[in-house]
Amino acid sequence: MGKGRLEAFSDGVIAILITIMVLEMKAPHGAALADLRPVIPAFLSYVLSFAYLAIYWNNHHHMLHTVRHVSGGILWANLHLLFWLSLVPFVTAWMGENHFAAMPTAVYGVVLLAAAIAYWLLQQTIIARQGEASPLRSAVGGDWKGKLSPLLYVVAIAIAGASPSAAQAIYVVVALLWIVPDRRIERFYRRSDGGGPDAGGTAP
Amino acid sequence: MGKGRLEAFSDGVIAILITIMVLEMKAPHGAALADLRPVIPAFLSYVLSFAYLAIYWNNHHHMLHTVRHVSGGILWANLHLLFWLSLVPFVTAWMGENHFAAMPTAVYGVVLLAAAIAYWLLQQTIIARQGEASPLRSAVGGDWKGKLSPLLYVVAIAIAGASPSAAQAIYVVVALLWIVPDRRIERFYRRSDGGGPDAGGTAP
Amino acid sequence: MGKGRLEAFSDGVIAILITIMVLEMKAPHGAALADLRPVIPAFLSYVLSFAYLAIYWNNHHHMLHTVRHVSGGILWANLHLLFWLSLVPFVTAWMGENHFAAMPTAVYGVVLLAAAIAYWLLQQTIIARQGEASPLRSAVGGDWKGKLSPLLYVVAIAIAGASPSAAQAIYVVVALLWIVPDRRIERFYRRSDGGGPDAGGTAP
Amino acid sequence: MGKGRLEAFSDGVIAILITIMVLEMKAPHGAALADLRPVIPAFLSYVLSFAYLAIYWNNHHHMLHTVRHVSGGILWANLHLLFWLSLVPFVTAWMGENHFAAMPTAVYGVVLLAAAIAYWLLQQTIIARQGEASPLRSAVGGDWKGKLSPLLYVVAIAIAGASPSAAQAIYVVVALLWIVPDRRIERFYRRSDGGGPDAGGTAP
């Protein structure tokens, strides 16, 4: 069984998710610049979620690069990941509409955490399927980002009640961690000139 | 005529269907955890429909694996299947909004039944086109799941008036039947190492 | 320049159009079967438009089968066709919401007519590009369906004011003309076993 | 790393953007031709944005034609472009709903300008990656359209307050500049018969 349709389906779902979030930003009725002000929270939460979905698409792209054959387990682990990502527009809208209040901010983190766990499960399913010489395992390596991110989400969820803005700062930091390229990886990547260590990119 | 565009189009439609159902879950206006409570029925019906559409995509993927040439009949049988699947978001929203009341629960089953029949028609069209040595026919085999599911839908529709929750339990059981892998099939699949018996996966 | 992305983009747009029309069928608030009654006009106009978009996808699929190289002219003629198809959800919603009143029925026909002209323009652009030995020209042949359909649309638009249901009957007849396979074409198609005469399928 | 998924993802996002803008044109409740009148501004702003997104898809298509390997930098530059394009439906709705008032017209230009800059950044990232013998650099050439367009957007933004219709006229002119084929380029394109100078098509 090839991986072409798995990639195409995942691309389709992520492309739609990233796009329908825009529909939550309702065009204001007034025509003055000030009328855009109420849209700002929705816009900011859109930017954050756009970044997260872009990171997931990016890493998913790399991860599947190491995959040749798709098993039933991989198919379902992938659908499980897409399920959690599909909740991102909902929590994005809730957080934006309530101006980054405490509870929506915490629930946003819960969805990010669940997606990170789902990504990790997909990664482990692929590694198990690839067996001993798994290219994905060596690509992922120590995977400090993949281990640090869920931890930071847990911290953010815990402190969202006391300080929503601290929790949001954590979400921004995690996103930046994944967007800013890792120099060592870049170097390794050029050396091996192919599905280098970055190939396994893990969940944000 | 190749099957590439048939797959791409079906993937696109199913990816969009699975995603726009999320738009039916409106973000609540309040920012408390309790404000999420009214969304729970919509969420549960979303999870159920996500599972069904994922199963259909999965099985569709397997079924087309055995197809080389696409005839006009196959194109239209496939569009017929997509039509019934396209009604899933509507019945999902109706069932969720009415908190799993009797009639929406029954109509939900009717759409599942119609989709199962459409899937079976597509399967028969492909088998007829493949002729005597149809790989799909041998892949489908006894097809007990494909025969049991429509029967269970009929039961669910019949009892939805008396007990909606019994009908919903049946929908959940059918979905699990299809998600939980069939051990014998897995074994067969590994032996033949290719488009094995699972390849024909039938309609849920 | 290959045709892969042209096909993928067109598939994407048509898949989305065919799917978002479902969003116009709002789930009713009541949970009784009778509550579905107001949705019936929207449902019927959805079925008609689903059929038309499916026919367009189908014929587009066949037409591009004969194309190797995509010129700038073909790209724009294709985008022009997609523009008119993109108006189908709007006129479908307007016609459904107004229970097939005269004016929405006529405007629905105008969009069908414009799409048919755009399809014909795309066809001519491809034939011109292919030059003397155009496979698409010989595939299209006499093209009686492609010539009859716009004529029927004009009749439907003209009589919609006097009898909307006569106009709608014409739309249904044209759709059936395209869905019901043409026996002679099927025969020819099998003989040549390839991009046969059906390959040029023209606009409904 | 191949470019297939980058193209597929970009196609998906642009196809969805171009299509969901239609959802902003709400079907009017009345069934008379006059009831369509309030929809006209939304329709006109839809046509303009359809043209812009079509141009971007077209040029993106050409630009990636010259790319073989996709680096992390190219991936992110592409996502950055998609981000700005994803705001087009929002500003289109705002401009249409306010009947082309001054401020929405100016903000529309700001989004077009940001998208043009993002396109230029993507182009430079690709050229840098391709090194000395960059086919994209020679394809882009003097790039007078790519340099003129942002300038015209700036003019339009500046004069939108004084005369919104003058600003809109500029948007239309820039779109036409990109749609009307450049004869010299066509000639060059035929001579080289391949990824000719048009291949680099720059941002509108």
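As written, the chains take the letters A, B, C and D, and residue 1 is the first residue of each chain.
The criterion applied here is as follows: a contact is a pair of C-beta atoms (placed from the backbone, for glycine too) under 8 Å apart; a residue touches a chain by one contact, two chains touch by 3 or more.
Everything quoted here is computed from the prediction, not taken from an experiment.
Taken over every residue number at the interface, the positions common to subunit A and subunit B amount to under half, indicating a different-residue contact. Superposing subunit A on subunit D by their CA atoms means rotating through 90 degrees, a value rounded to the nearest 5.
Subunit D has its Cα centroid 27 Å from the Cα centroid of subunit C. Contact with two or more other chains is made by residues 8, 12, 16, 20, 23 of subunit C. Interface residues of subunit D facing subunit C in the complex, by the touch rule stated above, are 7-8, 11-12, 14-16, 18-20, 22-23, 25, 27-33, 36, 47, 50, 54, 57-58, 61-62, 65, 179, 181, 186, 195, 198.
By the touch criterion given at the top, residues 1, 5, 8-9, 12-13, 16-17, 20, 23-24, 72-73, 75-76, 79, 82-83, 86-87, 89-90, 93-94, 97-98, 101-104, 107 of subunit D touch subunit A in their complex.
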